[in-house]
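One chain, subunit A, appears in both complexes that follow, with subunit B as partner in the first and subunit C in the second.
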Partner chain A sequence: MISRRELLASGAAASVATGASLPALAANAPGVTATEIRIGQTMPYSGPASAYGIIGRTEVAYFKMLNEKGGINGRKIKLMSLDDGYSPPKAVEDIRRLVEQEKVAFIFQSLGTPSNAAIMKYLNNAKIPQLFVATGAAIFSDPKKFPWTMGFNPNYQAEAAIYAKHILANHPKAKIGVLYQNDDFGQDYLVGLKSVLTGDKAGMITKTVSYEVSEPTVDSQIVTLQGAGVDVMLFAATPKFGAQAVHKSFALGFKGVRYLSNVSAAFPILKAAGLDAAKGLLTAAYVKDTSDPALAKDPGYMEWAAFCNKYMDKNAIVDGNAAYGYAAAQTMAHVLKQCGNDLSRANILKQAQSLKDFTCATLLPGITLNTSPTNYSPIRALQIQDFDGAHWKSAGELIHS
Partner chain B sequence: MTAFLNQCFSGLAMGGIFAILALSLVMIFQATALLNFAQGEMAMASTYLAWQLIQHRVPYWLAFFLTVILSFAAGVLIERLIIRRFASAPVLTVVIVFIALVFIIDSVVGWIFGYQLQEFPSPFPDHNWFNNPLVSSHQSGILLVTLIVMAVVWAFFRFTTLGLAMRAAAQNPASSRLVGIKVGWMLALGWGLAAAIGSIAGMMAAPLVYLDPSMMSSLLLYGFAGAVLGGINNPWGAVLGGLIVGVSVNLVGAYLVGTQLQLAVALTMIIGVLLVRPSGLFGRTIVTRV
Partner chain C sequence: MSVPAGIKPDIARLPRRMPGRAPAFAAALIIGLLLAFSASGYHLFQYAQVLIYMIALIGLNLLTGFNGSISLGHGAFFAIGGYGAAILMAHLSVPWWLTLPIMAGLCFIAGFGFGMPALRLEGLYLALATFALAITMPGILNYKRFDAFTGGTSGLQVDKPKVPLHLPINQDQFLFLCCLAAALVMLFIAQNLVSGRVGRAMVALRDHPVAAQTMGINSAMVKATCFGIAALYAGVAGALDAALVGFVAPDSYSVFLSLSLLVGMVVGGLGSLWGMLAGAIFIEFVPNLADSFSDMFGESAKALPWAVYGVFLIAILLLAPHGIAGALRRLVTSVRDMMAKASSRPATELPAISVGNQPAEPNHRTTQGS
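Here is the complex of A and B:
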C-alpha cells in the first residue's frame, strides 16, 4: 500500500516537475523528478542462477549509454539493480526496500519465476507496475488477475504449442516422447503441447516422463523414452538436465527428431553435452545467436557489438543472456519515451500495454512485440532453429502460437 | 529387453558413483561414528581442482592423481585445523560444523569458479569397449574404477600396518594409544582417505552430471542410502549398497511406480531392510558391553 505521506510526496514532486501549467495530468510516480526516473529490479548476481546476472549488468549499462546520450525526454534513467541470490525471500526484502525507501517508479525485469511470484501480490496491491518480468511462466501474463504484472519472454505454454505445430506440420505421424521437469516450468510445456494436440491427435504423445531437480541424472528417463519407441523427443528441461538428455539420447543412438526447450539452448550448455551430440537439435528462438559470424553485417548485430565494445566486456557479445537483456532494456526505454511527460504509474502501464510491432536490435528478424490491455505476452511468435554442430540456424517461417 | 538392460547398466554406473561416495562416508564413520555431510561438497571442490588442472593442459591421469593427492592433504588439514577442535564437543555441534562446511565450500567454489555448467572430460575412449551396444566406455570405466578403489581400500586395511593401526584406533582408541598408535593422526588419515576417495567419485560423476557447485548434493543422498543399506561400518557392504541403490532406483522408476516416486520407493525399501537388519545388509552388529 502507498501511504498518505508517499502520495503527498509524489504529488509534490510531480508539481515541481510539471509546473503549474499542466494541472490536469495525474501525479507522476514516486522516483520521477524533472531530471530523473528511478526504477528498480532484483537479479541473481549470486547463487545458483548467477549466470543470468549478466542480464542485469547489460540493462544497467544500456541505461548508462542512454543517459550519456541525454536520457529519455530530458530525464536520466537510474536503474537500481539489487542482488536477490535467486531467493524469493531476499527478492521480497529487496523490492520493499526499492519501493518504500528508494521510492522507485516501477519494477523492471526482475528475474526468476519464484522471485517474481513472491513479489507479484505486493506490487499489484500497491498498483506498482512490474514490467517485462524475466521469466516465461504463464502466470505473469494474466491481466485479469494481475493487471500490474506484465511478461516479456514468450511463455512456456506458447513455446510448447509452437513445437506441437512444428511436429504436426513436419512429422504428422510422430510418436512423441516428453521429458519434463516436475514443476510449473515443465508442466507448462505439457499444457502447451496438449492445447494443440487435441482430439485424435492427443494419442501422438506416446510417453511422458518427469524428473525432479533433486535427481542426479535423467539417464534412466531417456532410456525409458527410447524404450517406448518414440521417434520425436521433447526435452522440457533446465540447462543441466537438458544437457544430460541431449547427451544420453545421442549415446543411445536415438535417430529421431529432438526438441530442446529454449532456456537450455545456449551454446555453453550444448558444448557441455557435446557438440556432436547436439547436432540436429531443434529449438524455438527469439534472440539472435550473436556468436554466429554470419551476423557480422546485420545492422542490429552491429549496434549490439558497438554497445558491448564500449559499455560491456567483450565476452558479452556472444552471450545470449546479455543480448536478451539488451532487448528488454530497449523495450523499456521505448515505453518510457512513449510516456512523454506523463510519468504516472497508470500511464507507464498504459504505454506498456500499447506496444505495436516494436522490434529490438538483438531479437531475430520478424520478431515483433505487441501488447494490449488484454495481451500481456509481448512476444507471441517464435523461430524454429536447428543446431548445425556450431551455431543455431533459422529453419522456415516464424510460427505463431 | 534392450531398454531393461540399458536401465540396469546406467543404474550400475550411477551405482558405482554412489558406491565410491558411500565408501568415503564409511572412512570417516568408522573412525568417528559420524556421517560427514560435507563429503559431497569436498568431492565437488576436488573435482573443480581437477578441472582447473585439465584446463591448464595437464594430462588427464596426471591431473587425476594430483587431485587425489591434494584432496588427501586437504582432508588431513580439515581434520587437523577444524574438526580436531570439536573432538570433545557434543554430536550436534559437530553436525553443525559439517553443515557449515557444506555452505562454506559451496560459496567459496562458486565465488572462484562461478555457477555456470562446465563440461568435464571422461578419461575413457569415445567408443564402447569391445563394440558392445549397451554400455558406454565411461559407464564400464566407472565400474572398473569402483572395483579398483574397493580393492585398494581393502588391501590397505588388510595388509598394511598403517591400515591395521587405523582399524585399531577406530575400534579401541584407549588400548591403541597404550600400544603406541597415534590415535589423533589416525583420525586425520581417515579424513584424508575419505577426501581422496570422494575426489574420485567427483571426477567419475562429473562427465555424467556436469560440473557445477551443486553437482554432488543429489548424489550424496544416494551415497548415504547406499552406505546405510549395505552397512555403514563395512566397506564391501557400502559398495554393494551403492550399486543396489543405483540399479533399484532406475528399475523402480521405469517399471514400477514411475519417476515421480522412484526415490521415495527406493528409500522405503531401505527403511524396510533396516527394520529387519538394523546394521544394514552386510553390516556387523556391534555389541557394546554396558
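Here is the complex of A and C:
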C-alpha cells in the first residue's frame, strides 16, 4: 500500500520535475516488481541490417552494468532483446510475446523504420510506451497521432535543413548540386533542403540527380553534377553510394564544398572511398567519433572506454553504433530514475516527455536532449564537422534545425 | 527431367483416393477449436501464422512436389497477395474477406502470366528465374512512383478485421478461426485437385514429359496452370497475413521469405499435403527455438540463432530425408509390417509385404532425363 504521505510526496516531486499539475497515481505497469523493471525491444541481430545488432548488445550490457551497481531506485532493469531479422511480421510477433507473455512495462529502442511502423498501432492502442525508437523517420515524432511513440535520432529532414542553413551562412551565392537516393530516405533530404531554401533562395539548388539502390555505381550522376558547374555538392546517400560519390568527385577534381549524409560518415566507409578523397568533407553529427585519439582525455570518452573494456568487446570502442546505443540506454536510465516510485506507464511516458538539457557521455559536447508533450524529437541540434583526412573535427557552433 | 531425382516425392501414393479424409479433417477442426478457446492471444497469433504458411506451402508443393518445377520466388506472390489486400483495404475500403478471392484471382493471373514464358526453362534455370522474381519484388514495392499506393519503405498500415455479428470471441480467436477455415478449405481443394485428372496430368508431366505429351497432355498449359494455382495459394496466404499482421512493408517480403517457404516444404515432405503443416510449424517455431538456444551461450551470442537453425535443418534432413511426412509414413508402415508379421506367423508361407497399402520405402521410379 502506498501511504498518503508517500503519495503526496511523489506527486509533489513529479509536479516539481515537470512543472505540471498533480498527476493521478496509477498502478505500476506490468513487469514492475519491488526488485525489477522488465522492458523489451526487437533488434535485427540477423538479416540485412544485422550490423545494427551491436546497438542492442550495448544496451543490454549497459543495464547489466547498472544492475551491478545496484540498479535504479533499488530495482534491477531486465532488458529482453529479441531478434526480428529486420522483418516487420516477426517484429509484431516478438512485440506481442514481450507484451503478452513476458509482461514488459514498455518497449525501448526497437530498431528500424518498417519494424517500428508495424508495431506502432498495437502499442498505441494498448497505451504502452514505445520509447526512443532507433530510426530517423519523422513519423515516430508525432505526439498528436501517436502519443505513446517517441523518436530518438534527429530525423533526416532536420539534418538536411541544417546543411541548408550552413550553406546559407557560409556560401550564400552557392550553386548546389544534390545527389539523392530515390526513396523515403533521399526524398526526406530534398524536403528538408527545400524547407530552408525557399523564395528567392530556391534557385540555389541548380541540379538534382537521383539513383536507385539497385544501381551498381553513381559515377555518371557525379559527372552530371560536375558538368552542371555546381560549387557545392550534397550527397544524400547510403554508405556504399556515399563512398562512391566521395571517390568520384575527388577523381574528377571537384574543388567546391561537399556535404555527406551522416549515415555514410563512418570511418570505414570513408576509408573505402580513400582518406585523401574524403578530406574536406562536411557532415552533421551528434555522436562522438570515438576512434579519434584526441578524445583520450575527454571524461565522456573515458567513461565509455571503461564500460567497453569491462562489458563489451574491445572493438566496440570505435564503433559509432555502439556509442549510439550507449547514449540511448543512458537516456532511458535517466527517465526511469526520474520516475521515482511511480512506474505506471502513464508516468513513464510523462517522464520521457520531460527531458531537459540531458547530456550523454557519447554524444558531442553541446548536444542536449529535450522533450515536451508536443516535442517528441529529443535531438534537434547538430554539429557540423569536417574530415581532416583521419578524423572528424567539429567546426563552428551547433546548428538548430 | 526438370527436377533432380533426389527430391522426387513418393509417386505411388499420389493419385490414390484418400479413405481417411473425413476423420482427419474432423480431428483438425476439433483440435483447432480446442486451441482457439484455450490458447492465449499471442499463441493464437503464432498458430494463425502457421496456418497461413501452410496454405502457401500447399501451393508450392503442388508446383514442386507434384509438377516437378522448382520455385525460389514464391515469396513474391505472397507479397502480391499481401500488398494487394492491404491496398484494397486501406485505399479502397474493401472488406477484408473480399480481398481473399480478389487476390486469389489476381495471383493466379500473375502466376499464369509469369509461368507461361518462364516454364520454358527447366530445372535450375527456372529456379534462377523465379529467384530473380523474389529478389526484385521488394524493389518494386519500394518504387517511388507507387508510393501513393504502397507507402514506400515505411509500408502500409491496415486496420485489423473486427469480429463480426457481436460474436462472443476476441479478435485473435476470430482471426485464428478464419485462418483455420481457409487452411482446411484450401487443403481440401488441393487434395481434390491432385486426385483428379489435372493432378494426374501434373504428375505425368513431372515423371515422363515425352510420354505425357504423346498422351495428349498440353504441357505448357498444364505447367502454367499449375504455376498459377501455386501463386493463387501464395496470394491467399499473403492476403490473410496482411489482415493478421495489420501491416505490410517491402521488408516483410525479402528473399528470405521465399527461401523459408522452400525449406518448409522440404522439411514437411515433398508430395505430402498434410506434411505442409509440419513444414509450417518448422518455419514459425524453429527460429524462435534457435534464438532461445543461442541465448544460453550468453548475451554476446546473438549472432548464433542462424547457426543453430542450420543445425536443426541439417539434422532433420539427415534423419528424415523425405521430410517429416515421409518419416511418419515410414514409421506407420514399419509398425504395420511388424504387426502383420506377428499375425501372419501361424499361416506359415504368407508374405508379410502384402499387408499395408503403402510401400515401405518411397518408390523412386527411375525416369529418363530429358
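Keep this in mind: the second predicted complex is superposed on the first by the 377 of 401 C-alpha atoms of A that agree within 3 Å, B and C clash if a C-alpha of one lies under 4 Å from a C-alpha of the other, contacts with A are read in each partner's own complex, and residues count from 1 in each chain.
The criterion applied here is as follows: a contact is a pair of C-beta atoms (placed from the backbone, for glycine too) under 8 Å apart; a residue touches a chain by one contact, two chains touch by 3 or more.
For clarity, every value in this text was computed on a predicted model and none was experimentally measured.
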- Overlaying the two complexes on subunit A, which is it for subunit B and subunit C: clash or fit? clash
- Query: Which partner does A:268 reach: the first (subunit B), the second (subunit C), both, or neither?
  - Reply: first
- Message: Tell me the contact category for A:226 with respect to subunit B and subunit C: first, second, both or neither.
- Response: first
- Query: Does subunit B (first) or subunit C (second) touch A:254, or do both, or does neither?
  - Reply: neither
- Message: By the touch definition at the top of the document, which applies to A:182: first (subunit B), second (subunit C), both, or neither?
- Response: both
- Query: Is A:93 touching the first partner subunit B, the second partner subunit C, both, or neither of them?
  - Reply: second
- Query: In the superposed arrangement, does A:214 touch subunit B (first), subunit C (second), both or neither?
  - Reply: both
- Query: Which touches a greater number of subunit A residues, subunit B or subunit C?
  - Reply: C
- Message: Under the stated touch criterion, which partner chain does A:50 make contact with: subunit B (first), subunit C (second), both, or neither?
- Response: both
- Item | Residues on subunit A lying within both footprints (that of subunit B and that of subunit C) | 46-48, 50, 182, 212, 214
- The subunit A residues in contact with subunit B across the complex are 46-51, 182, 209-212, 214-217, 219-221, 223-224, 226-227, 239-240, 243-244, 251-252, 268-269, 271-274
- subunit B residues touching subunit A - in the complex, by the definition given at the top: 2-4, 6-7, 10-11, 14, 17, 110, 114-119, 136, 205, 208-210, 212-214, 217-219, 221-222, 249-250, 253-254, 258-260, 262-263
- Message: Touching residues of subunit C toward subunit A in the complex: what are they?
- Response: 40-42, 45-46, 49, 139, 142, 144, 152-155, 157, 241, 245-252, 254, 256, 287, 291, 299-300, 302-303, 305-306
- Under the touch definition given earlier, write down the residues of subunit A that touch subunit C in their complex. 43, 45-48, 50, 53, 56-57, 60-61, 64, 81-83, 85-90, 92-93, 96-97, 100-101, 112-115, 117-118, 120-122, 137, 139, 182-185, 187, 212-214, 313
